[in-house]
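Below you'll find the structures, each written out as structure tokens.
Shared between the two complexes below is chain A, which pairs with chain B and chain C, respectively.
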Partner chain A sequence: MSAESSPADWKKADTRIGILFVIPFAIAALLFMVYPVIEAVRLSFYEHNPLRPEASEFIGLENFRTIFEDALFWKSFQQAAVWTFCSIVLQTLIGVSLALLLHLPLRGISIFRGLLLFPYIVPTVVIALIMQWMLNAEIGVVNWSLKSAGLIDENIYWLATPSMAMLSTIFLNVWKYTPFVTICVLARLQTIPLELYDAAKVDGAGGFRRFLDVTLPQLAEVLTVVVIFRTIWTFNKFEEIYLLTKGGPGTSTFNLAIYSFEQSVANLRMGVGAAVGVVMMFLLFAGSLIYMRVFRFDEDDTA
Partner chain B sequence: MSALEFVRKTLAYAFLLLVTFLMCFPLIWALSTSLKPARDVMATPPRLIPSEVTFANYRNLILGKEQYFRADQTYVPTTAAPQHFTTWFANSVIVSAGSTLISIVISTLAAYSITRFRYWGRRIIPYFSLLGYMIPSIILVFPMFMVMSGLALTNSLWSLTFGYVSITLPFCMWLLWAFFRGIPIELEEAALMDGASRLRVFVDIVLPSALPGIIAAAIFSLIVSWNDFLFARVFINSIENLPLTVGVMHFFEGVHVDWGLMMASAVLMTLPMAVLFMLMQRHLVAGFGAGAVKG
Partner chain C sequence: MDDKIKRNAQPFTRRKFISDMAVLGAGATALPAWAQKPSAKTGTVRVWGEPGPYGGVAVDAMNEWAKKFAPGLTFKLETLAWDGVYIKLMTDLAAKNPAHCISVESPIAFQLMADLMLEPLDDVVQKVGRNRLVDGVKWEYWGAWKGKQYVLPAHHQATQMVVRTDIVKELGLGDPDKWSWDDMRNAARTISEKKKDVAGISLALGRNLCTDYHFAALLHSAGGRMFDPANKFEVVFDSPETVEALDYVKSLQPYMPKGAVSYSFLEVVDSIVTGRAAISFYWGRPYGRAAEENKPVFDALQSYNHPRHPKTGRRSNWNDFQGWCIPKSNNQYVDEVKAALVYYQTSPEWLVRYCHSLMPNVSPVYKDVLNNPKLMTHPFFQTKKDTIMNYYVNSLPHSSSTGNEMLKGINPLAGIVHGRSILAQTVQKVVVDNWKSADAAKWGAKEMEGVRKANLRLLGGVG
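This part shows the complex of A and B:
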């Protein structure tokens, strides 16, 4: 499907049009993508107070030393890892189960599909508002339900106890992004050839065996992509935590993004905040390299 | 239908209903709270179905401005926030639509260019975009703020529009590149050989076949910019230039949080996305298929 195969004069003549078409992208990319990243890296070597920008000063690797010696940085790192791990495991398990459920050949299944995928497009702010209301310790519906079911005697302070706050942010993340896993898996399920199942049936494989032998191997690839991408993105999330707990109580739900934000905005140490950003980018590129290594996806590029 | 199959199907439906109810419960609860009269909101035991349906919360949000400046105030809000609600809503619409329009136009042209023309450097653009759309907003936001102060745009809707372009452009580019690559080139070549101009071919042949991809990219772009909190939180400091996401946080400022009002604003904020979702569900799945989703 490549353009080079057909030799025609019009092609050479209007390469100029082609370049003209890409110029807006080049300008926007330089201004809004490349420059901010370079600027973020540059800032990480400077002491920069946004209220006194003229006093900005090059300090080498001092910002990196600051964060690596800060116990809160490591605590945030650790909490981000826990948050990411729990979220991803739950999202994947629930997401795949939902996809299998939604793949059933039932009448009206498309309505259920629509409803179950809906949380993905609900704005994070809205989810955070609703959860603050439902998890409200005194008048929230969650505590009331647990109490009337006899599961708890005392109100749980969901957003004011460190472990419960962590649990709540994980819940928010799982609720919002499970549909993403479901959509990806569902799309893949629909392309598995039915013959594979028929063959397994002839071999006498039961439902569960067929899932292990046919479905799971077919899903392996999409699941790897989804898990890698979701891990990278979840690790760097800001709003999902900040809007629910602001990183609190105390610093018990800080992750690197919130740590960076607090350094830049509350402590006015934008250089330190930028250094955290550089560490995050470093981790992200490492994750992306794994993705590219796993899929070698640049080799099939024919365009 | 055998008896066994009947039992199986019934169980499947029951399970589906239960799961759907659980997944949708937060939204149902928000809707229910928003329609309750004030005395019901705090009532114990809480009721799922309001004893009486009232649209007072919605009225107070939509007519907030009018009511706030009226002399005979019958409704006294706990914070100054409700009077700004319609302004915030309009701001959100403007910046989401604006940034989506810019991102889509730029990336459509570029996607056409890199899949149909040959010149140095075109191959790296999609991969560069892929990396670009994995960079989290928290890294971009402060440098972008400096770019905006350089352009003297901070605290304006323009700053948000351009800020969102930095998030939405990379994945529109990636998605549209994947899409354009899959459009057969033969038809275009035939038209060009017949003497049609490039522009004619682009408008009459390429754009119509690229439309599903463009729609999918536009939806994702709208969702992402409608969702953003961080850029608005950093870029905007005057209350009347805020989008909804940061604006509604002002509802927490009062001594008592008016949860009914809060849930009504949550519902109104979700509504445009819900409409988009319902209209475009087909394209949405197509977009996911292309593997290009920012989340």
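This part shows the complex of A and C:
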């Protein structure tokens, strides 16, 4: 750059470099996020069999009528809500508790912090297959352990009875994703100014009071983000349920992602599957807006 | 066992052997010049097969052909899990990237051929020999549509009632070959009550293909069916016969392992081989595993035709009629696959090896193989000859499948019914959700009607 360069030139050059850096992400986002969403929305108005793409036909809102009239869609929606709600509540409670424990200044605590990541980094397919064996009613280690400890007399059919299968899928999700909550909360805990606790102590607040009045308000924002993300990800989850129970027994662990997969791939009704995806997108968008509104997350503190 | 079946059970007469060898000599032993035409093509020919060593044997035979006539080619087997076959097949076809040669069960093959996705194989059949089929089967059972043959037989593979004869004898439950539906249920109940840790019967009740097949066998025994090919493929599933078959499954459920509601193929085999179940409907696969893993169970196992329905007297099984087909789409190796298929299908040595690879799971489809003395060199013939002949021969008069219900007409819609697990879901509505059988039958019929309406084009104007 020449010595005569003005601040405006600098700004222009910065902008150009900035745009240059953004371009790869923008292209990737357009290709892998925006285009699939637009294509899914378009497909939801078509009858489309992938074996016969030339016979694709615009049918308006027919796919949406099909799913809204299908009892299995509503059952899947209800089960998805139960599975998401239970998973998120448990992940949040356990995640925050673990973060508080791991925040204690104990010798060797960093080892436990490292170990905590284990469930999160192991591929879901590995965990699901291992859990299938562990939860096998007849030869699984879980029943064997419970029997050996004298806690049960009869085998529990973890994956073969509707309520137990739902419980098992929730357990898998909680086990795998609680570390995500813990890590986020722990990171925030470590940035809370100690002066706040000191002041609360001076004012005579006990441990529980300090948690309620100091820790929890400080965690509110991170918990809002974590809960929103975990809700979106859990509601959309496919692989854990599919690998563990395939949505069964019966359709007792179907969620909307599995329902969409069944319609798209097993039934080759891509339009119907896409319509489910569009409905899920709107549901989650609306849910996120409401949640952020309730917790006033979108308000600027400086306003 | 009636006389006709007894006659079928004795195929090793001298006269029959000589006549069949003559057929083989005339039509099969000499490799047609057509199959010896060299190919300069290079690359990998992808072959799909179900789990089991027999697919590997067939591919070995194809590679032997390639070594002689197309040295630039390698045939490579891709094994598909049973419950994943339909989805894998459809997604790869949709992506226009199917294997170059597929071994698939007849209902799915029927769907593909009616959708004009397969190469006609009449020229291959001509070379292989039209008169070689064993008694009691027709070429169309594997896949013919509107006068053209689209599927070449790999094997036939019927379910039989697998029974722990030691337990049946100990409890005095009579001759399983004479059992009716009621007798089998009584036997299952008695075993459940008197033998600790042994379920009376093990059937698949999960949301999968195995459940489809188990239930279809009972449905056809009761005289019921899904579609009526003689009447524009009308859905006839909502019938008293379906209700009866569903009620029967429900009545067996207390004598099954509790986990049966999630059982598929593997779990049923496990329950038999580990001795946790005394009766089942299954193909010949458990024998190989039991011989290796649980000799006492192997010694005690025998297979019989399914129990008779009390009113119809039918003993319908579910016979796979698995065959080889060649997808049209993006397939640059059609001629080579055809030549390799002719090579292996005209080689009694390879075909015997194919059957031997998993006794008695894959039954020979050609007379010259069934009557080949080498076939009987397998050690299982020393102790399980009756069982083997039940699978190979005596199952045929009772054979049925969803794609050709009671062998009364090819139905290209059955593959889609399996893809959507409609039969298994119907069963699960009764055994898991406690629906009334009549309501479940209505639900199933409505789903099938949806399949029929959406796929009228497959019916070629007859729908």
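The criterion applied here is as follows: the second predicted complex is superposed on the first by the 258 of 303 C-alpha atoms of A that agree within 3 Å, B and C clash if a C-alpha of one lies under 4 Å from a C-alpha of the other, contacts with A are read in each partner's own complex, and residues count from 1 in each chain.
In the analysis below, contacts are C-beta pairs under 8 Å (C-beta built on N, C-alpha and C of every residue); 3 or more make two chains touch, one makes a residue touch a chain.
Fair warning: this is a prediction, and the values are worked out from it, not measured in the lab.
In the superposed three-chain model, the partner touching more residues of chain A is B, compared with the other of chain B and chain C. In the superposition on chain A, A:A40 makes contact with chain B only, while chain C stays out of contact range. When both complexes are overlaid on chain A, the residue A:M281 reaches chain B alone and has no touch with chain C.
In the superposition on chain A, contact of A:P249 is made with chain C only, not with chain B. Of the two partner chains placed by superposition, A:L194 touches none, neither chain B nor chain C.
In the superposition on chain A, A:P119 contacts chain B only, with no contact to chain C.
Once the two complexes are laid over each other on the shared chain, residue contacts for A:L151 go to neither chain B nor chain C.
In the superposition on chain A, the residues of chain A contacted by chain B and by chain C overlap at 136, 265.
Listed in rising order, the residues of chain B touching chain A in the complex are 9, 12-13, 15-16, 19-20, 23-24, 26-27, 29-30, 33, 42, 44-46, 102, 105-107, 109-110, 112-119, 122-123, 125, 127-132, 134-140, 142-144, 146-147, 162, 165-166, 169-170, 173, 181, 184-185, 189, 192-193, 198, 223, 226-227, 229-230, 234, 244-245, 248-249, 259, 262-263, 265-266, 269-270, 273-274, 276-278, 281, 284-285, 288-289, 291, 293-295.
Across the complex, chain A meets chain C through its residues 50-51, 136-138, 155, 157, 159-162, 245-252, 262, 265-268.
Per the touch definition, chain C reaches chain A in the complex via residues 86-87, 90-91, 93-95, 115, 117, 206-208, 257-262, 276, 419-421, 425, 428-429, 432-433. On chain A, the positions that touch chain B within their shared complex are 1, 3-4, 6, 8, 10-11, 14-15, 17-19, 21-22, 24-25, 28-29, 31-33, 35-37, 39-40, 43, 98, 101, 104, 106, 109, 112, 114-127, 129-131, 133-134, 136, 139, 141, 144, 148, 175, 177, 180, 183-184, 187, 225, 230, 232-233, 236-239, 242-243, 257, 260-261, 264-265, 270, 273-274, 277, 280-281, 284-285, 288, 298, 301, 303.
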